[in-house]
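Following are the structures in question.
Paired with chain B in one complex and with chain C in the other, chain A is shared by the two complexes that follow.
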Partner chain A sequence: MNDSNGEVLRTDLTSWTIGPYHGSLPAPMKLCLSLDGEIITDCEVETGFLHRGLEKACELHSWKATVAYADHLDPECAVFGELVLCLAVEQLAEIEVPLRAQCIRVVLAELARISGHLSFMVRMAKAVGSETIIHYLLRDREKILDLFELLTGARFSLNFLRYGGVSADVTDGFIERVLEVCELIRIRMKEYNDLFTFNFGFLKRTSEVAAISKNLVSHCGMTGPNARASGVSIDVRKVFPYSGYDRIDFEIPLGHGEGGVVGDVHDRFLIRLREITQSMEILKQLLDVVPAGDYMSTKCDQTSVIPPGESYVRIESSRGLLGCHVVSDGRNSPSRVQFRTPTVANLLAIPQIVRGIRIEDLPVVLASLDLGIAEADR
Partner chain B sequence: MDKNQIVSKINRAAPGAVLEARRFGRSDMTSVWIEAQSIEKVAELLRFDPDISLDWLENLSVVELDGCLVLSYFLLSTAHPKLEIVVRSSLVPDTLQAEVEVPSVQAVWPMGIAMEQEAHLLFGVRFRASSLEHKPKQDFDFGRLFSTKFPDEIRGFPLRKKYGK
Partner chain C sequence: MISAENSWIVAWGEAFGLPEGVPHWIYSAAALIFIFCFVIVPCGGLMSYFERKLSADLQARVGPNRAGPAGILQPIADLLKLLQKEARSEWNWKESLWLSVHTMALFSTLAVLPLGSMALLVNTEMSVFLPFWSALVLALGTMLLGLSQNSVPGWFGGIRVAAQTLAGSFPALISLLCTGVRSGSFRWSALAESQGFSPWDWTVVANPFQLVAFCVFVVSGLVLLAIAPLDGGLSMSDIHGGVSSHLYGMRLSLFRFGRFYGFFFWSVITVVLFLGAWDLPSQLVIPLRMGGAGRLLAFIELAWLLIKTFALMLLIIWIAKVNSRSRVDQITDFAWKVLSPFSLAALVGASLCAGWRAF
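Showing the complex of A and B:
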């Protein structure tokens, strides 16, 4: 390595092991790095530190209790775990979900998506060292959590969805409050753009850093915003619509390399910012015409046994494609509940994209992947 | 390409491999049951045949049913988004704690590495290295770079039904 005078610094190759618990890591995981000076030359990823036996726990409890376990698949966006499990069980038991319940579910899912993306931005702000912005973002995410509390009584682990619908109808004033929060976040988007998107310091830290090619996306099986940032147009809400998404008009933002290279850290940030706008658009369309009727299928008894058989359902969570394979042998508890989570594919990409970056960029790159280790380790 | 055409192609590429083809649960997906040891040959056909081109292993799920381990490979095609197939095979372990072995599909679907590691840790399904004569060229090497590990105190395969009993 040369300094400014062209002198050889004679830096040696070194090895670093970071984790499983470290401030620069978004969650428990271990990275074994090889460094040439400040440049990462190789990286090995080790996971499994947050394994909680979630799928086994589902087998040991009743069908009804399983929803509460699915809630903990991804504690940050609990609704998606509940939703995918409920859809799988409903397909298996051929339970019709009333339109009103579908609408409430999608409202919760889109609010969770906005909340998840705001949390992502908090981690990005922390990684680039913008302490002030963290408080602005958390202030806005609190508004979403307030909405969850108003509807479900809980802020994170909602345990609100049921097989055949939701556990309660929308409370008085909920719809108006959602629209108010959408309007507030719409105004704040300009603030976020000033503080992030067009901020010189942020651009320097994120542009042309750790770009993910389309080829790598397909090799890892990446989905969600990380895949879309690289220009791969894949969104379960469009390809395999569920819960009435086919009746909603919305766009799928794709990365165009505004920061310099398609699929770099800046693109992954911008995609989520644009998805927040699209989620607000979905919410407005939904809340314009909330269908009247039941919030719960009248034919579904929560204590009833699910008939023997199996099903597989996929949804679009805030991190990507979330799948659920459910098997019933006709007894009171599931024979098997298996989740396919998007973070696993994102973890596979880490060794490929950190090679050649500087060590100080590692926290920014990891934050940009929006890793949900809780859902990967289960 | 419809279900019957795909099954005929598999039968031509790996004679005797297909045991049964039927609907997956109550969904529109097709499940093709195959003989476990021919999974790699079938995978190669499904991935590289231009008419099928199932290039995405979306999920690998293992289920224990009556002492039998059932592997389900959920496959999608980015070229034909509506084409979805579940390739399934079953294995019976010799004893409660014995591992079972099947060919790995990593050479065909590189994203399978994490799923296969998980299936090994949780169910004791060991995936044998690729035996394909002409291994597809991989642009990325995941083998050494990614690993999932559990604490040492976990003995056996936690997701088997008799675990801890």
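Showing the complex of A and C:
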């Protein structure tokens, strides 16, 4: 290896830069790897390739239009961006949300969580090269997207939530169809377990790989399923309940190290699988008794100006703690909208956990972190 | 290298109306071209169609359904599409060289491929081992092909393929010996004669050790030739298919066809060694042979052999589709630490069984 700058290069290590676009990356990002043979000795992560200026765009548009931008925070699970922004603005403007609207919001959020976790499993399956399950998972996620379409008219960018409620009431048969889909996925769980959880090949690829310790979780500020897989019991739905989660009875699954080590790739996978079950439990409880009433706060006028002040709200998205800080100076548009996204913390953990693993495990580890680069770069 | 007692080409030459006195090497060359064009290539097309249809059925998809009835012409459409690819501007002579070496090593095995009692070009005590050396040369070619590409995926892919081949060849070789122990010879004809049409006469069920040897032979073949699901060397998710990551168009189709051929020839050999070869019921064979319908018999034998081969290949594809791809270090570990001891045990057991029978 020659170097024109006269800098001494270590010849025992190979350097390999992958990205911004590469098969092992879940989204546009760049990894500068140092390799000793096939073992990764060092890794630098570079992101920002998907920066769209969402927060700035929110400032340039009216309050009403910001919801559509929050939609694009994480295109895969659009509801969470909308929900956190609406909750922040409602807190700031002291808008009461009717119970029925809260219920519809939580239904959407939990469906989005299931859909997000199914997509996570698709990426895991791709990373370990297990082709068949990808199609099974996508087939089932399609059912959830159908539900979104039935309720909101859109499959991904819903733009359905409004300050003070939601933009439309549930249509006839929606509730029954949600329950049908829940039942379908409950049956399919066995299939997923057979093809993933109890599959010898999958266990070989995932157990004892890239474990995240509790220390690393707190050091990087990781939240969500990744933190819970390492045994850190943190869930915003329990700690700071919102939208009526306090009225619902559900459990927070934690990683126990079934694959060998607590917080390894297998634990991170299992957590998601169990959260899907919990989300279906939540949906069943919610849809048992849907409160009657308005789907939109009668006192809230969408054209009204939000009073000056600021608020910060956090929710549990499918990837972890999603926060939103909204500042209003009384004008027609927000003065500042800022999001705290869970993926940023997960990105911080990458260099720590990939050290010592093989290149073949890199896609698996990246997929297991469930990186939403769209929300990290925003 | 045409054995005297089995100069089937001469019989074929007569059947096709070739004049007598033509040198044997012309017959051999003609036979090789014939086998390649009329057996291997159609099998490749058919198999890729079956594979896609089968995986589509497994994966709740439709699969190819546009080109021809039920999409049967899809392999041809794919080939034509790949051939139309525009050439890349930079030309890497090393890559071209190693691709041709790799391809030549691969198709040299055609000469030893057993395709029926009357289609044995090389039928000596060494014939079983010849595909083996070709497989090793093939791995070397693949490795150097990878190393000649100026890319990290190529390098890693090449090295991984070499590591896998080294690990897989030992158990494969040992389990191969088990069949020779039973039949008493490594001639293709002797191996086939020691078995019969009925599954109960196949080597695989002769005794438990042969069953172990069969399993080891199939699995170590997957390791040796890097066939899914043990194809870590050509992993898609991290190194973009390794050696094939930089190939395109014509070269890619050549490489892919070579991969198919490797899989195919290993399956054919497995069927010949363990699964009753081309053996047909004697009620069928004797009248045909006596009645002078040797060519018809050869075709029936070939068809029966290919049906069994395809069944074995589809079974492996089925397993590969549902399981995840294994890591290379796990594959080599598995080959050295699990397959090798089992193959040795199978060899000892098979030898004891053969000795017991001899007394």
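Just so it is clear, the second predicted complex is superposed on the first by the 366 of 378 C-alpha atoms of A that agree within 3 Å, B and C clash if a C-alpha of one lies under 4 Å from a C-alpha of the other, contacts with A are read in each partner's own complex, and residues count from 1 in each chain.
Rule of thumb we're sticking to: a residue touches a chain if its C-beta (ideal position, glycine included) is under 8 Å from a C-beta of that chain, and two chains touch if they have at least 3 such contacts.
Everything quoted here is computed from the prediction, not taken from an experiment.
Once chain A of one complex is fitted onto chain A of the other, the partner contacts of A:S24 are limited to chain C, with no touch recorded for chain B. By the touch criterion defined above, A:L216 lies against chain B but remains apart from chain C after alignment on the C-alpha atoms of chain A. Using the contact criterion defined above for the overlaid structures, shared-chain residue A:P351 touches chain B, although it does not reach chain C. Touching more residues of chain A than its counterpart among chain B and chain C is B.
With both structures placed on the common chain, the touch criterion links A:P363 to chain C but leaves chain B unconnected.
Residue contacts after overlaying the shared chain place A:S311 against chain B, while chain C stays out of touching range.
Residue ranges on chain A touching chain B, taken from their complex, read 43-48, 51, 53, 55-56, 91-92, 94, 215-216, 218-221, 234, 239, 309-312, 314, 321, 323, 325, 327, 329, 335-336, 338, 340, 344-345, 347-348, 351-352, 377. Partner chain C is touched in their complex by these residues of chain A: 14, 16, 22-24, 38, 125-136, 139, 195, 199, 201-202, 204-205, 358-364. Across the complex, chain C meets chain A through its residues 55, 58-61, 152, 156, 229, 232, 235-240, 321-330. Residues of chain B touching chain A in their complex: 24-27, 29, 55-59, 61-65, 72, 74, 78, 81, 86, 109-111, 113-115, 121, 138-140, 142, 144-150, 158-159, 163.
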